[in-house]
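See below for the structure under consideration.
Read from first to last, the chains carry the letters A, B, C, D and E; within each, the first residue is number 1.
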Amino acid sequence: MTELARKFDKDPELEGGVVASSVYFGGRRIADIPIEEAGLWAAKEGHVVWIGLLEPARELLLRVQRQFNLHDLAIEDAEHPHQRPKIEQYGDALFIVARTAQLVQGRVNFGETHMFVGKGYIVSVRHGVSTSYAAVRQHWESCPSALAKGEDFILYAILDFIVDNYMPVLEQIEEEVDLIEDGVLARPMTSKDIERLYMLRRDLLRLRNAAGPLVEVCRRLTSADLPQLRPAMHPLFRDVTDHIRTVLEKVDNLREVLAFAFEASLLVGQSQETAIAKKLASWAAILAVPTALAGIYGMNFAEMPELHFDYGYPTVLVAIATICSILYWRFRKNGWL
Amino acid sequence: MTELARKFDKDPELEGGVVASSVYFGGRRIADIPIEEAGLWAAKEGHVVWIGLLEPARELLLRVQRQFNLHDLAIEDAEHPHQRPKIEQYGDALFIVARTAQLVQGRVNFGETHMFVGKGYIVSVRHGVSTSYAAVRQHWESCPSALAKGEDFILYAILDFIVDNYMPVLEQIEEEVDLIEDGVLARPMTSKDIERLYMLRRDLLRLRNAAGPLVEVCRRLTSADLPQLRPAMHPLFRDVTDHIRTVLEKVDNLREVLAFAFEASLLVGQSQETAIAKKLASWAAILAVPTALAGIYGMNFAEMPELHFDYGYPTVLVAIATICSILYWRFRKNGWL
Amino acid sequence: MTELARKFDKDPELEGGVVASSVYFGGRRIADIPIEEAGLWAAKEGHVVWIGLLEPARELLLRVQRQFNLHDLAIEDAEHPHQRPKIEQYGDALFIVARTAQLVQGRVNFGETHMFVGKGYIVSVRHGVSTSYAAVRQHWESCPSALAKGEDFILYAILDFIVDNYMPVLEQIEEEVDLIEDGVLARPMTSKDIERLYMLRRDLLRLRNAAGPLVEVCRRLTSADLPQLRPAMHPLFRDVTDHIRTVLEKVDNLREVLAFAFEASLLVGQSQETAIAKKLASWAAILAVPTALAGIYGMNFAEMPELHFDYGYPTVLVAIATICSILYWRFRKNGWL
Amino acid sequence: MTELARKFDKDPELEGGVVASSVYFGGRRIADIPIEEAGLWAAKEGHVVWIGLLEPARELLLRVQRQFNLHDLAIEDAEHPHQRPKIEQYGDALFIVARTAQLVQGRVNFGETHMFVGKGYIVSVRHGVSTSYAAVRQHWESCPSALAKGEDFILYAILDFIVDNYMPVLEQIEEEVDLIEDGVLARPMTSKDIERLYMLRRDLLRLRNAAGPLVEVCRRLTSADLPQLRPAMHPLFRDVTDHIRTVLEKVDNLREVLAFAFEASLLVGQSQETAIAKKLASWAAILAVPTALAGIYGMNFAEMPELHFDYGYPTVLVAIATICSILYWRFRKNGWL
Amino acid sequence: MTELARKFDKDPELEGGVVASSVYFGGRRIADIPIEEAGLWAAKEGHVVWIGLLEPARELLLRVQRQFNLHDLAIEDAEHPHQRPKIEQYGDALFIVARTAQLVQGRVNFGETHMFVGKGYIVSVRHGVSTSYAAVRQHWESCPSALAKGEDFILYAILDFIVDNYMPVLEQIEEEVDLIEDGVLARPMTSKDIERLYMLRRDLLRLRNAAGPLVEVCRRLTSADLPQLRPAMHPLFRDVTDHIRTVLEKVDNLREVLAFAFEASLLVGQSQETAIAKKLASWAAILAVPTALAGIYGMNFAEMPELHFDYGYPTVLVAIATICSILYWRFRKNGWL
């Protein structure tokens, strides 16, 4: 679907960074409008203007600003990604920043979505890797609920969509963690395991940074008396908050599990080192026996009676074999070999 | 008992996911009713309808929703497990999510119970592995207390039952931790020990996630002015809160104890490695003596007077034995062997 | 004293679990009464009934309950130890749980004391290992202060006594920690050291669990408007709070010190391993010299001119000795030996 | 630019520690004034006096104090750097301390800026390494916004400039961390890597100390009713707060990443040690074979039949070669070599 | 100065534990008075009595108590050191406990100062190692400020003096930490380094315990409406709070730096162990060559053609030398030697 959405984004009208610019009445799209008419439409009772932008140029943002009389600082923020998730009230408008997470070819990528919400309009600005909100739009246009008639509902729908998109990312990380877990307990980590562990931790850290501050954003959306949001919307935003908390709980669990894995790996590695040391010591001891004995009977003393015994040589061979076997058996018994 | 409860659950009327659907008056069951009459009965003064569902289909949930006019979001949540424990007030009804823990063949399994509580009714929805609340029902039906006449008491009874069921899980983990503790101090961990340690940590983490948010849920049940709960119930819910806190304290203790065990194990492992290194070095030194000496007297110089001494050979043998013995004794003395 | 107290506890009137049951007026004991008269005496102006129980049977608790009209939940709690320290207000009565710590033959043991405090009476229930409060009673009976005339003062006296009894436990742990500290820096830990370290950590953890929640209990005793406590008592309870905080600070310090000791021990162990590795490598190098040289002159080539030199043999011996000495001296110099 | 700024600072009028002392009206500089006239100008409606000092002597601070009636403690603080970032209200004036970070030849250096803000004036005092605020001044003088007409806007501009200057520092650290990351996963750390890691951690710690308390400072600038700040300024200060939070998030991420790097490095190091131990053990085993066999056939027994076999010698050579090859192949196969 | 102060403390009038007992009017000392007159003088408008005690006997404390009607608990506390820093209001008097830190022969020592402050008097009680407050007294007597006329200013002066005295302690620890830092990165820690590290951590822990609770004490001195303190004093106490916060920040930084040092040391140690293992393995391999080759040509087979080659012996010698050289060169190249 990402691919599809992507293709949709690249269509000609997008050239200027505008993904969509429509007026809705009673939940139905009644017109696609140029930016310059947005302010007028938004002012009409019961009408909602939804403008979707993708990495807009400054000039485009200024055109939007003029329509809805947006705050300079918000426009400046919207122009520059790398904001923390936050909610800010500027005059009549709410300005909301959220981070999005996306799987692109098996790696986690992060983007940002900025939203302006005011009486009769919502403007969404996407930065970096993120799915188009076309899916949200389609879903909303087909939504029968009477409640779903305002810009606050669209805000809810987008936030819900963003949070839902964390899930496949988390699930992939979960899978990889499971793989590492299985490996870690079976054998010490290879460089590749360590690298994967390391990368997962970084991704989880970024995911935490993306989702964490959203809790506070949603909390303010539900509790504070923001005139832009109807009280009837509060349960919906509380629901999003719950979803984010679930995401965070999972992230924190995975982080802790990876910390366990690190510790377990250290122990497994230590225990393997010990096992090798034991093996090394055992074989060194066993092999020292023929060396020492043979050394003694290799001396050139004039008088070494054993050398002339009838069965001297085989006796020594047997002695060597016997001692080595006993050692081998003893080491085996107490687990050194 | 789990087995029994399970069997009970599988009885024919359960086919649709309905475990029980009864009306109580003054604490006595007066009728088993179809879902469609539940709303009527609940509205009668002094009557309490208790519906128990097990992994219900969406359609069944919608039927229940119609009876008690439940909120869409709550129904959606109840349909999908994997919620965090929470309490939510939707209009006249409370929606409560709790996680349950169960021992199934020696492994900890987690389930979820969702509850709707409103004037005159309580609906409990079980997901995943969990004991039937038949035991709670029987206990309640035989409960003489005058207080035990409302749906809020049933809510208390179920929560109390859920928390009580954490105990055997904790006790088993405690037992295993004791085993690990004994082992850890006696010898370095084997792979199996490490694995067990690892698994216990994961289980404790999950248990913490299950029980932790319940504290907040219960706190709100006791402090907030929720019209669904009579003030006389507050001490009971505070009591449940205390039980959860005790569970959490135990969980945290066990987690910390396992962390100690990890650290102790690292030290034990290090000290064993050192001991092996000492042993290896000692024996290498001892065995190097005959090798070196014998090597010298194995040289083929034309003039090596010692080779022709009368007691040259035995002298060297004795010298070797003596030096080795001295070394052995010295290593022994300072604890290397 | 523990022994003495214990003996005292075992006296005949204790058979039923009743350690003491007396009425006080103006701070003087005026009568020992049966449980059944306790309610009557407590109701008289200026009289205080103090009942001390030791692991009472359910039946005894119920008799006490009837006298003072105690809450069911509190009675249930008092019957079952393993509560967290807490304070609970049930109707007119306060219910307080505290954990006690005791040294029994050099090991820390934990017990519990439950207290019911209401107008004109105090009931203390001891569980597990703990000192008798006979000492508190004697001290109180001889206390001249006018303030010391109420059941709230007795509550203070018992709490103060409990907290004071943590001190010898802490002091013994402190002593052991000092011993470990001295050891840890001098040499790597033995298994026994590690075990002791481990046990101390567990004891400190338990002590923290025992004392930690008491801070909150005492805070509520000083700040909340509990009708059972005269405002003039607040400084006394604040004083107990300070004592507990001091205990906790000590416990936390010791915990941190043991964590330092663990880390230091790891470093000491690592540095010892390195030292052994250096020693092993040095001796292996030194002893390889005669082996290699002797090996060469032990070869059986037809033409080995050195073998027939006049001073060939002593030259080689000197060469071996010289090289070994140089190596020994070099290793010594850079600290490997 | 730092160099330039520095040069600018060293110009003759700076001799006394005064970098600038000007009066502004409606955002335009109308005069450069001596300190002694500052009080008079500040009192005129619509005029703003901005005095910039660089490590001023006590005597100069006292002259400034007299003009604006500043508090003794603030003057004392301004004289001595090494303050924590803070905001303090003394009578009519605000006293604000912020820490600045600067890259000087690739190393992070920290300085301090103290600011006095009151009706009609702002005094900035720089200590240690920091960029001149000349850039802020020029930017402000060219700022068209009507809002930008007060001393509170200058305060905002300076704080914003300080926070912006953290960014290049952070970016360089980020680059170095990336380098370390790449290294850490490829091979165990060298002493130099460890040192760099160590230094980065210290720098990050200092950066955290510099930026952390600024959050609280800015929060108070936005929320508290400080008469020195117009409410219209609040969004600007909230914006600075967001920037600081972004800085802190980055700092914390880098700190955590370095902690991961440390742990990963420990594992990589352990795994390398194990690899070496395996290699060592393998070669020791392989090389022990010729030594042992040759030793046996080097013995001087009178009767050693193999010695007189026709192909005895080549057979032994082949045997040695074969056994060594098998061992080599086996070790290779299971990854020891 | 410490020495001097100490001498001053030991003068004859101190015998009873009284360091000073004077009346001040308008900031000037007007009389040295016996304890028994203190109450009278304190009651006179504008007069301030300052009594300084050093480890007073119970009897002396009781005499002071009678003069100012102090609370029993405060007197009990003042008699027994080992209190946590705290502030307590007993009736009309404030009771304040602070911990002092002092360098005595290069080691950190801790003491306690207890203060009673009420209308017209201040009593300071010193325990353990601490500097005399004679310096504070002299400074105060020469203080011209009009504000400096009350007992609350003396309280401020003493607290400020105590906090200032933490600084040299911190600076010495900082110096030692710098030394350790330099060492840690250059070479693995010796036992002595580890011990020093360990001791520094303990000292920092104690310093944290001494300074930490003072923040709360000072906060209450500035915010709470304590009748003993004039509002004009608040900025001064806020200033002390800032100083303590700076101390705490430094302490926490040093603690974290030492934690870094520990981790760095572990890595350095590990990397050294690896280096030694590599060296050991390399030399073992090199020295195994002559042993193995010589062993082979030391065998006593009847037919060993090489033994009779013309240049057999020198060829073998050259072969040995060549192989060893090649090995040496290879090990050198990849950094094992």
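The working rule: a contact is a pair of C-beta atoms (placed from the backbone, for glycine too) under 8 Å apart; a residue touches a chain by one contact, two chains touch by 3 or more.
For clarity, every value in this text was computed on a predicted model and none was experimentally measured.
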{"item": "Copy-to-copy rotation for chain D and chain E - C-alpha atoms, rounded to a multiple of 5°", "value": "70"}
{"item": "Distance from chain D to chain A - Cα centre to Cα centre, in angstrom", "value": "26"}
{"item": "Separation of chain B from chain D, taking each centre as the mean of its C-alpha atoms, in whole Å", "value": "42"}
{"item": "Sequence positions of chain B contacting 2 or more other chains", "value": "266, 270, 273, 277, 280, 284, 291, 295, 298-300, 304"}
{"item": "Chains listed in ring sequence, where chain A comes first and chain D follows it", "value": "A, D, E, C, B"}
{"item": "Sites on chain C touched by chain E in the complex", "value": "181, 184-186, 235-236, 238-239, 242, 245-246, 249, 253, 256-257, 260-261, 263-264, 266-268, 270-271, 273-274, 277-278, 280-281, 284-285, 288, 291-292, 295-296, 298-304"}
{"item": "For the chain C and chain B complex, residues of the former touching the latter", "value": "71, 73, 77, 82-84, 86, 88, 90, 188-191, 194-195, 197-198, 201-202, 205-206, 209, 262, 265-266, 269-270, 272-273, 276-277, 279-280, 283-284, 287, 290-291, 294-295, 297-300, 304, 306-308, 310, 312-313, 316-317, 320"}
